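Consider the two complexes below, in which subunit A is the common component and subunit B and subunit C are the respective partners.
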Partner chain A sequence: MNSTIAWITARGLFGRRRFLLLFPLPLIFIGITALAASIDTADEFATPVLVGIGVAVVLPLVALIVGTGVLGSEIDDGTIVHILTKPVPRWKIVLSKMVVASAVTAFVAGGSAFVAGWMTDGPKLGLALAAAMVIGAIAYCSLFLALSVVSRRPVLIGLLYIAIWEGLLSNVVSGTRVLSVQQYVVTLAQKLAGTDLLMSTVKLPAAIIMTVVVTLGGLYLAITRLRSFSVAGETS
Partner chain B sequence: MSTLDLRGVSRWYGNVVAVNDITVSLGPGVTGLLGPNGAGKTTLLHMMAGFLAPSRGEVVLDGQPTWRNPEIYRHLGLVSEREAAHGFLTGWEFVYASAKLHGLSDPRAAARKAIELVEMAPAQDRKLSTYSKGMRQRIRVAAALVHEPSVLLLDEPFNGMDPRQRMHMMALLHDLGAAGRTVLFSSHILEEVEQVSGTVQVIVAGRLAASGDYRTIRRLMTHRPHVFAVRSSDDRKLAVSLMGSPSVAGVSLDATGLTVHASDYGTFTRELPRIALAERIRVRQLVPSDESLESVFSYLVSA
Partner chain C sequence: MSEQSMIHDIGYQRYQGQRLGPRSIFGALYVHGLRAAFGLGRSAKAKIFPWIAVGLIGVIALVIAIARSQGSDDVGYADLPSIASVVVLVFLAIVAPELVSRDLRNNLLPLYFARPVSRAAYAGAKLLSVVSAIWLMMAGPQTLIFAASAFGQGDVFGELRGLLGGWLVAAVYAFVFGGLGVLIASLASRRAFAAGAIAAVFLVTLPVAGVLMSLGNKTLESLAPLASPTMLPEGVREALFPADNMPIGNYGPVYLAAGVLVPALCALQLILRYKKVSL
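On to the complex of A and B.
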C-alpha cells in the first residue's frame, strides 16, 4: 500500500466525469425499495429488489465503473507510465489501487444496501446485506482491476460478464452459479441475516472459498501482468 | 556515472521488424538518437526504459537488465513522447508526488529544485490541464529529473515547443550532460541533435545507420551530391558557366529550368552567385530539391 498512489488514484477517480454515474444507481435502488415497501410485503419484494437490483445491478456496475477507473483509465491515457517509472514494487501499485476501488465501491454499494435492507426488514438485514456487499465489492474490484490490465476493453468485457454470465446463464444453467460473484453475495447476506427473505443458491463454504479465490486470483493476475507491462510501440 | 548498454537488441511485431540488431553503449554526456519517423526510435527508447521486452538481445543499465526491473528507476528517468499527464494535478503536486514515489528523503526540496531547473516555479500551482504543450513537457522533465537520475531518456522532447522553450530545453540537456549524466533524446530533426549533442546515433528502418561524433555525421550528410533546381534569366548560358566550376558534377536543362548536381554543397552555394554576377545572369530561383530528411537518411544508409 502506497499512500501517494492511493491519493493520486482517488483524485483521478473523483476528477473524472464517469464518477457521476455512481450516484443515480444507489438512489434508484433506495427509491424502488421505498416504493416497494409502501405497497407490498417484504417477502414479496425482497428477492426481486434487494437481489435483482441491489446485488445484481448496483454492486457490479459500481464495481465496474470504479474498478476499471482506477487502473484501466490510466493505462488508456498513458499516465500509468508516470507511476511505473518509479522504483515501487508492482504489488504495491496494484494493492493501492485495489484499496481505493474497494473502499469507494463498498461505500456506495454497501451504504445503499444498508438503507434498502433496513427498509425491507429492519437493521439486521440492512447490516447483513451491507456486509455482504462490502465483501462482494472486494471480489468484483479485484476481478475488474485484473481485467483492466489484461484487456484493452475492460468495461466491455466486464459488462458482458455481468449481463451474460451472471445475469443470464446463472439463472438458467445452475452449474455456473458456483462461478458467479453475485451468488456468493446473496449467500453471504442470507446467512448473515439468518432470514428466509433471500434465496441463496450456493452453499456457504463454497461462497466463502470462491470469494477468496476470485479476489486473490484477480490480484495475482493484475500484479503479474503489470510486472511485464509493455507500452505498445506506436508506429509514428 | 552510468552506462546503458544495448547488446544485439532486436524487436519485432509479427512479421514487422521494428528494431534490428542494435548494439550500442551510451555513456555520460548527451547522445542524440536521430532518425526519420517510423525508424524505430520510440521502440528502442521503450526497450531502454524497461517498457518493452527485446525480442532478442538485452538492454542493461550498469549491468542490470531494464526489463521487469523497477529498481532501475532509481537511476533512470523517462520522458515519453505521449504527453500524458494527470491533468487534475497541479504542477507542484505532480512533481512532488514523483519525489515521494521515489522515496526521497526530502521530497519537498527535491521537487522545488526540479521545478526551478525547468523554470516552472511561476506556474506550479496551476493544473496540468491548463498548461501549454511546452509547459507540460517541461513539468514532465522536472518529474523525471526529481530523483537526479544518472540516466535520462527523452522521446522527442522538443516537439511542440516554441523557439525560446526549445533553446532553454537544449541548454538544460547540455548542462545535464556536462554534469556527467547520461542523456539520450530522440529527434527527427538534424539541427536539434546537432545543437545539443556531442554524439549522434542515426537509426534508419530499425538499423543503426551511423554512429559517432556529430561533426562526422554532419560531414557524411553534407559531403554528398546535392541536387538543386535553378531558374534564371538565361538558363543555357548559366549551364555552360556552371559546368566550368569544379563544384558542379552535372547540369541538365529542360523547360522548367536547370537541374544542377553539385559535388560539394558549400563550394557550390558560394560559386553560384559569383558566376551569375560575372555572367550578368539574374538567378530567379534556387531550390535544393533533395533536402528532405529522408533523402539524407537514405544517402547515409547507402554510404
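On to the complex of A and C.
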C-alpha cells in the first residue's frame, strides 16, 4: 500500500466529469426500491429489485467502470510508465489501486444496497446486503483490475462476463453459477440476513471459498503480469 | 508566388485530379465505419470479437431454423432480435465507442471538419454505419433462417413475408440501439468509459422496466417497456405484429410513435452535440 499512488488514483477517479457516471445507477436502484416498497409487499419485489437491479447490475457495472479505470486508464494514457519506473514494488502498486477501487465501489454499491435493503425489510437485511456488496465489490474489482493488466480490452471482456456469462448463462445453465460472483453475493446476503426473501443458489462454503479464490487469484494475476509489463501503443 | 521566386524546387505537386464532393466524403465515412465495425481492414485482434458475436447470433438462427423445420411455429423471424439482444448490446457497446470516441480522443474532429464535410454529415455517417452494422447482425442470420426453411417446405411467399417483417423489426432494434449508443459514445472520449456508459444505460433500465411492469398497475404495465431501450423495440414489434408477446394494451400507437421519435431525437441531439468539436 502506497499512499501517494492511492491518492493519485483517487484524484484521477474523482477529478474528472466521468465520475458523475457512477451516481445515477445507485439513485435509480434506491428510487425503484422506494417505489416498489410503496406499492408491493416485500416478498414480491425483493428478488427482482435487490438482486435483479442491485446485485446483478449496479454492483458489477460500478466495479467494471472503477476497477478497469484505476489501472487501465493509466495504461491507456501511458502514465503507468511514471509509476513503474519508481522504486515501488509492483505488488504495492496493484494493492494501492485495488484498495481505492474496492473502497469506491463498496461505498457506491454497498451504500445504496444498505438503503434499499432497509426499505425492503428493515435494517438487518440492509446491513447484510451492504456487507455482501462490499465483499462482492472486492472480488469484482480484483477480477476487473486483473483484466485491465492482462488485456488491452478489459471493458469488452468484462462486459461479456457480466452480460453473457452472469446474465444469460446463469439463468439457463445452473452449472455456471458456481463460477459467478453475482451468485456468491446473493448467497452471502441471504445467509447473513437469514431471510427467505432472497434465493441463494450456491452453498455457503462454496461461495466463501470461491470469493477468496477469485479475489486472491485476480490480485496474483495482476501483480505477476505487471511485473513483466511491456508498454505499447493503443491497439488498432 | 511566381516560379522564379522559388529557391529550391523540391518537387511538391498540386493535386490535379477530380475533387470528390461532400457526398463522397459521407460515403467514405459510412463505408469505413461499417467495415471497421466488423473489423474489416483492421488487425486480426480487432476481428475476433465482432465475428464471435456474428457466430453467436448465427448459432441462435440455426437453432431457430432447426426448430422451424421440425414444424414448430413458436419462434419466427421477428423473435431473433429479442433473443439476440444481449449479444447485440455488447456489440454496440464496443462498436459505437470504436467509431466515435477514438476520433474525440485523438483530436481528429478539427481535421475532419477542415474538409468540406458538414458536422451533420459526419454525425449521420457514423450513426448510419452503426445502425447498418447492427441491422446486418440481425438481418443476416434471419436470412439464414429463410434460406433454411423456405426451400424445404414450399410456402416461399409466406416465409418471405415473415422474413420482411423480421427485417423491419431488426431495423427498429437497430435504430433504437444505434441512436442511443452513438449518442452516449459521442459524450465520452475514452472507449472504456463510453462502453461502460452504454452498457449501464441498457442494462439498468431493463430490470427497472421489468419491476415497473410487475407492480400490478395495468396502465403502468402497458407503458413501462417505454422506459427501457431494450424493451421498446419489442413493444413496437407488438404494435406492428400483434402476437401477445408483450402486454402493451391499447398503447400500440404510443409505441409506434416512440419507435420513430427516440431514434429521431437521438440523431438530432447527436447533430447538436457536434456543433462543438471538444467534449
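The working rule: the second predicted complex is superposed on the first by the 232 of 236 C-alpha atoms of A that agree within 3 Å, B and C clash if a C-alpha of one lies under 4 Å from a C-alpha of the other, contacts with A are read in each partner's own complex, and residues count from 1 in each chain.
Assume contacts are C-beta pairs under 8 Å (C-beta built on N, C-alpha and C of every residue); 3 or more make two chains touch, one makes a residue touch a chain.
Since we're looking at a predicted model, the values are computed, not measured.
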Open item on the list: In the superposed model built on subunit A, check whether subunit B and subunit C fit or clash.
Closed with: fit
Task: subunit B versus subunit C as contact partner of A:Thr85, first or second or both or neither - done: first
- [ ] Compare subunit B and subunit C by how many residues of subunit A each one touches, and report the one with more.
- [x] C
Open item on the list: I'd like to know which partner A:Arg227 touches here: subunit B for first, subunit C for second, both or neither.
Closed with: first
TODO: Could you say whether A:Ile164 touches subunit B, subunit C, both of them, or neither, answering first, second, both or neither?
DONE: second
TODO: Name the contact category of A:Asn2: first (subunit B only), second (subunit C only), both, or neither.
DONE: first
TODO: Pick one for A:Met210: touches subunit B only (first), subunit C only (second), both, or neither.
DONE: neither
TODO: Classify the contacts of A:Leu50 with the two partner chains as first (subunit B alone), second (subunit C alone), both, or neither.
DONE: neither
TODO: Tell me which partner A:Gly12 touches in the superposition: subunit B (first), subunit C (second), both or neither.
DONE: first
Open item on the list: Per the contact definition in the header, classify A:Val155: touching subunit B only (first), subunit C only (second), both, or neither.
Closed with: second
TODO: Mind working out whether A:Thr68 is in touch with subunit B, subunit C, both or neither, as first, second, both or neither?
DONE: second
Task: Closest approach of subunit C to subunit B (Cα atoms, Å) - done: 5
Task: Residues of subunit A contacting subunit B in one complex and subunit C in the other - done: 235-236
Open item on the list: Looking at the complex, which residues from subunit B come into contact with subunit A?
Closed with: 11, 13, 18, 37-38, 42-43, 46, 49, 51-53, 67-68, 70-74, 76-78, 80-82, 84-86, 88-89, 97-98, 100-103, 143-144
Task: Of subunit A, residues touching subunit C in the complex - done: 18, 21, 24-25, 28, 32, 35-36, 39-40, 44-45, 48-49, 52-53, 56-58, 61, 64-65, 68-69, 72-73, 76, 153-156, 159-160, 162-164, 167-168, 235-236
TODO: Could you please specify the touching residues of subunit A with respect to subunit B in the complex?
DONE: 2, 4-5, 7-8, 11-12, 15, 77-79, 81-90, 227-231, 233-236
Task: Of subunit C, residues touching subunit A in the complex - done: 42-43, 45-46, 49, 86-87, 89-90, 93-94, 188, 190-193, 195-197, 199-200, 203-204, 207-208, 210-212, 214-217
